[in-house]
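This report concerns only the one structure given below.
The chains carry the letters A, B, C, D and E, assigned in the order they are written, with residues numbered from 1 in each.
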């Protein structure tokens, strides 16, 4: 069965081709179901393979399938092949599963949109690339998927291409990603030059003897790879594209910019766990960046009013969490959080989408409120999602997040503090969004108010499924008690070498149960505090926030405007390069080089003119020139 | 005692005088005359050499030079006449329709 | 006392038959011309053409001769043969073109052909001459005829002016030439090339001989129109009747170069170092000056005049290169150049139309539309002049540059190629006018007779043929220069 | 030589077509177009046959035809192809019919001359790729010039075509004339030392030019090829030529003519003068990298689509040269692949620009916007080729760039790094241009009712599209045949270089600094 | 004796030559030209080239110069203004160069002070005979060719001087445009 793994990505591709080439004369329904069906089929296949995998002994749960040799040049041999192991298995399931759900949701959401077919074609293409990314057996193929998803996000963000902002956002996303990919590419080169191969199974096992622990080379490799990750997963310094990416249709935000694509970076880091483990410096960098992102994104999230942007920043900060997890060596926890986050963040986005759908496109939470009765399903699902992300027991987020906090505490208490603060803010702004949207008195204007309606089932059912998942999803990895943590156990073979290196590198205390329990309690408390705070500020006396804003106008301004990072980048890179290029073009290309060329031409012509002016038409002058020539020659001979 | 080089110097002088004429006069006719003068200088050289080499060849040369000179003068004067008819002048400095 | 009876030396008339045929034809035309009024030109054209054909036929045996006929005054050898051939081809084409030209301008001038034939006879004597005297007489026969021919257009001031300038300067230069001959004669005791060689073999050449050489060089340089002895060229070329200009630019040049090479390679090898130095400089100056001045010309005849100066420069490169390779290169180049330039001037004549009214480059605008055939042919000739493969011009330059590099004159070659890059500009400018610019006045399609068509076709075909399959003709060239060494 | 003369036919079939056209009546445009198309197709078919008879395994020259041409000078009519030239020939023959079809409606004035020019151009281009005799090569090299000159000058757009045309010619001819000098010098030098005067390339490969002479000769060749490529400081003719030329003119120019330069490096400059080449490698790679970035940056700020694409060519060809001079298997193969890629995608982009130019008669980006609303199909094609040109994985561009970068990274890591940054800028300028042209609101009323692609135009683009995807997905079809030749090429260069530098022990000092290459190469093998 | 003769004749021809190129009235130029010729003829006789001397007198001093006179009279050029080219710097430059040429040529002449100062004995045969013999045997061909030359010159003279050109002078156009 595993040898059919290549079918998993291919199925969506087929869907893409069918819709793309022949979709013209299909009905919306047909298109939608073809697309969803393709992904669904992929999901089914993935599940069946999953069961086959777990039926295997833990040691041999890594199967490579090579379809054909892709690039063969000199000693460079890159195959078009797949690697099925617990890690990629989980990613496959998440991607295809969540992807399928979102496809179904989209059928309802995108109903009647211009370019319905285009939408689903792109969506299928995205899933194809994403699956390639997660199931590839070598870096280059992963890079294919990596760039592919970048492309699809570009296309889907720019889906409403007639909106300039949308088109710009798309371009921004692609270009910023490219910056990351640049790092990824160089990392690959280094790997290739060191290992002579890009295949995981050649690289990782050989890593320990080829690369000295904490050596410059491995540090360089990992940092470059991490640069790639920051681009894809919107971490500092390359996070600016994700908020803008919300220009795309909401399901797209749900699928690409919450559930799957943005987590690719995490996946990649986890995939290279061995390399990272060998480079403690890089680990620290990853952890710090992750923590910082988690924190800063959260602060921004607090101030936003656009519901989708709130979610976007929360995504960034959650991704920060995942990286922090990887950075502190808890790769499994990172992946765990990745999964749960996929559930509840997709849920949140889609719920928000449903709100939008109801509010006829309105996103500003200040214009909402009191929607809970009008949109019951949406309200409940959104609430579940919030609970999950805030980390309230027993929802999914609780387990994954606390695991991360625990490990970061073990690594260094500073990480824990950052994480905890971020968690506080997270629960605060999430509940803030809940309250502003669904509770309190309605601030909806009339005409939107009177055709306010709950979304059709085709949209709400996916919400419910996800709500269910984000409720129970956590139980696959109950921490604390060894053995109950199935998830860890399942991933163990993948991360074993990394763990062992880390253990061998830095001393690593034994698993401290009581400490973990304490921390759990604390963070649960934090979450509740956040909840209450939000309730106090946005339900009890709603005047306070404005007063706070008044108090700390400039601080708020700074945060509200995302620390002016975008403006900074524009000033630093975009404008300066554009101006410099203009200078090159006009001043250098056209003035200097062409100037020289034309100058030579003119000079030649000028001399031609001068010379032919010698031809005065006076026969005596001609005789003179003969005489001159004669005398010169004779003089030359006589005087020589 | 007169020797070869006296003749040579004389002819050189005449030759240069011919050039002088070509350079210094504007009248076509006189320029033609100066050319004749140059040819005569050459003749003198030839004769002198033929004398001192004791070979007749030089004199043969001279004969032919005279023939050619005659021919050139004929044609030259014909041209002079034609040009004079055209332009009413044989001042070579007036004759510069074609230049550059 | 009773003078001892003169016994004539054995005279090999076979060797000078081509020239004789032409002279004879000249006489026939002259006499017939007196009695014919209406068809004089047609008649003369026919007769001259026939004469040229016969001459070509009788020229053939010379190829395999190798003797000094007429008591060593002329050399009958493959070199002579080659240049006779060249001259006859040039004459033939010129005759055909001129016939049409004179008819178009309704000039009833049979004398034109007489002089043309005499001129080419003179050339033949010049190239065959292996004695300074012979060369001189041939040269003068040629020159006198050309002086007259260039002034022959009755209604044209420019023509007269051309004749005047050419005559004065020609006289001047031939005086110089003679002075050189005299000095050489004085220092070697003879005007016979072989004897000169012998005389100069012993010891270093004296100053007199060197000066003599220099003055001869000036004389030849004048005829071959190389800087700074070139000044007459643009004016005379512009003023003279177009077909004749073509003839001058190839025939006279070829003959002059032939004699030049014969004298310098055969008689003055002992001074080769000296005259190579001089020629090196002259070549460089000529190439640069010719091409640069041609850049800005607006009158196509002047432009071609300057271009022909430049080409003289390239041929000098061959002479500088020296050796069989260089000489052979020169011969091949002249062969290529003959057809190319005559063709080009034929088109100038056609486009010029009555009274040479359209000589400006702007008159060529839109020719590609109105007369595609002419434009095509012209482009071909221009490509050949610019030395773009696969035309003969390219092979010519190629031979010359190869020879030069073979003798190690890298800089000469580099200057050569750079200047020919410059030349591309003005040659392509004409193409630009023909194909890429709209005509100023109403462009009508020009009628030109079968004769012209024939001449053009021949030239074009030959250019292409010897450009693509040069082997045989290179063979000729190599074989023909053997006698010089 | 009793084999079937593929290459001769391949080269001269278009000529036959041209001659036939000359005899046709100029009024009868359609018929002439069909004739031209027919000949091009036959040529293409023949090249396909050629491809299938090509022995993939061998590094040797194949389909060799050798006849004495000019015996006096040892010039021979010597043709043959190996893995390096094979695909360039195929690319040329593929583009032949495409340009004819592409110009079907575009060109209405002087169709006869136009088609003849195209056919002549084809002859020249194929000739350059297949000739193995320096003289023959030079002849074809120069012949190409004229039809291109006419294409730009006659059918270019009125504004500055004359300037562009003459600029193109002079730029090129200066370089190639100096190259001629070098060729002659080589010929003489080899002849004098070996006694055999020949222009036969393979024999000259065996001749070891003393490195002091190599330097100058290489410079001459380099200049000629660098101008043709064009490499960074010599590129200014390109934007003009491209912008002023008619669509198919720019297509051919971009797709094939520019490859002459890069091909010249591989076939002539490097193997003939290895020492000089390797001494100068660093500087040349520097120029190439500058070209990559410079081209990208300047392209970014262009206002005219065609100019933008032209500058992007400068950038792309920087990659090609870089990989070539890295002299690693991946580098060289990458650069060959990249040549083909550039031919396909840039050619296609010029076609696309031409299509929209036909509709709107402007190429100013500002004039457009929101086109994809009215021309969805066009938008798709445009997008795909844009992506291929910015090197999206899965399409052809990526393979080439990746191989080049890998190959270079082994030798000059830093150059590779900077060149890789060019990948970012490529995304910037291409996507930005695409966005400004295709996206946004449909503001300009002139664009309201543009026709979407006609069947003919689709037919023009689809073949290119196929190859774009093919190379991206299964590059081995193209890599496998060139592998032996490339290895052979590197082998030749290296052995010859070391042979010469060993011979010149006195000169060891100068050559030493490039000696480190030995290490890299041994690392590869 | 010989020396005296030489110097007188040399002086005569030289002075008159100077006058030829410097006097203003063409008639005078011609007359002094004739005197130069005569002087040269004398020198020829000194050099034992009697026949040449005769021809010099008959052809040059006779025919050619008369031709000059004839043309001058025909076009009555005698009342021309002074045609010396004093104002042109080029003319002076030319003169300077001529002087240089002379200076350069003198050493050439000086080469022969040493060699062949003594002329060989005058041969028994008369100069004319020798000349005639050479001319009709060895130099037959140029002799014949010369006839062609003269014929050409004759025709030329006839055409050029003979044909009347119409009075109306086509205006001279000088189309010139810098590219």
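In the analysis below, a residue touches a chain if its C-beta (ideal position, glycine included) is under 8 Å from a C-beta of that chain, and two chains touch if they have at least 3 such contacts.
Worth saying up front: this structure is predicted, and the values here are computed from it rather than measured.
In summary, the chains found to touch both subunit C and subunit D are A. The chain pair with the larger count of C-beta pairs in contact, out of A-E and B-C, is B-C.
Closest to the middle of the protein, by Cα centroid, lies chain D. Distance between Cα centroids is largest for the pairing of subunit A with E. If each chain is reduced to the centroid of its CA atoms, subunit C and subunit E end up 29 Å from each other.
A separation of 4 Å divides the Cα centre of subunit B from that of subunit E. Note: centroid distance subunit B to subunit D, computed from Cα atoms, is 65 Å. Chain geometry summary: the mean Cα position of subunit A and that of subunit C are 80 Å apart. Counting partner chains per residue, subunit B has residues 8, 15, 18-19, 22-23, 26, 32, 48, 53, 57, 60, 64, 68, 71-72, 75, 79-80, 82, 86, 92-93, 95-100 touching two or more of them. Across the assembly, subunit E contributes residues 85, 91, 94, 97-98, 101, 104-105, 107-108, 111-112, 139, 142, 146, 149, 152-153, 156, 158-160, 165, 169, 172, 176, 178-179 that each touch 2 or more other chains.
Counting partner chains per residue, subunit D shows two or more touched chains at residues 170.
You'll find the chains touch as A-B, A-C, A-D, A-E, B-C, B-E, C-D, C-E. The touching residues of subunit C, when paired with subunit E in their complex, are 3, 6-9, 11, 16, 23, 26, 30, 70-71, 73-74, 109, 111, 114-115, 118-119, 121-122, 125, 133-134, 137-138, 140-141, 144-145, 147-148, 151-152, 154-155, 157, 163, 183, 186-187, 206-208, 211, 295-296, 298-299, 360, 362, 429. Residues 1-10, 12-27, 29-30, 32-34, 36-37, 40, 43-44, 47-48, 50-54, 56-57, 59-60, 62-64, 66-75, 77-82, 84-86, 90-91, 93, 97, 100 of subunit B touch subunit E in their complex. On the side of subunit A, the complex with subunit C involves touching residues 601, 604-605, 607-609, 611-612, 614-615, 617, 619, 621-623, 625-626, 628-630, 633-634, 636-638.
The touching residues of subunit B, counted against subunit A in their complex, run 19, 22-23, 26, 92-93, 95-100.
Subunit A makes touch with subunit D in their complex at residues 68-76, 140, 143-144, 146-148, 151, 154, 158, 161-162, 164, 167-168, 170-171, 174-175, 178-179, 181-182, 185-186, 189, 192-193, 577-578, 580-582, 584-585, 589-590, 593-594, 597, 601.
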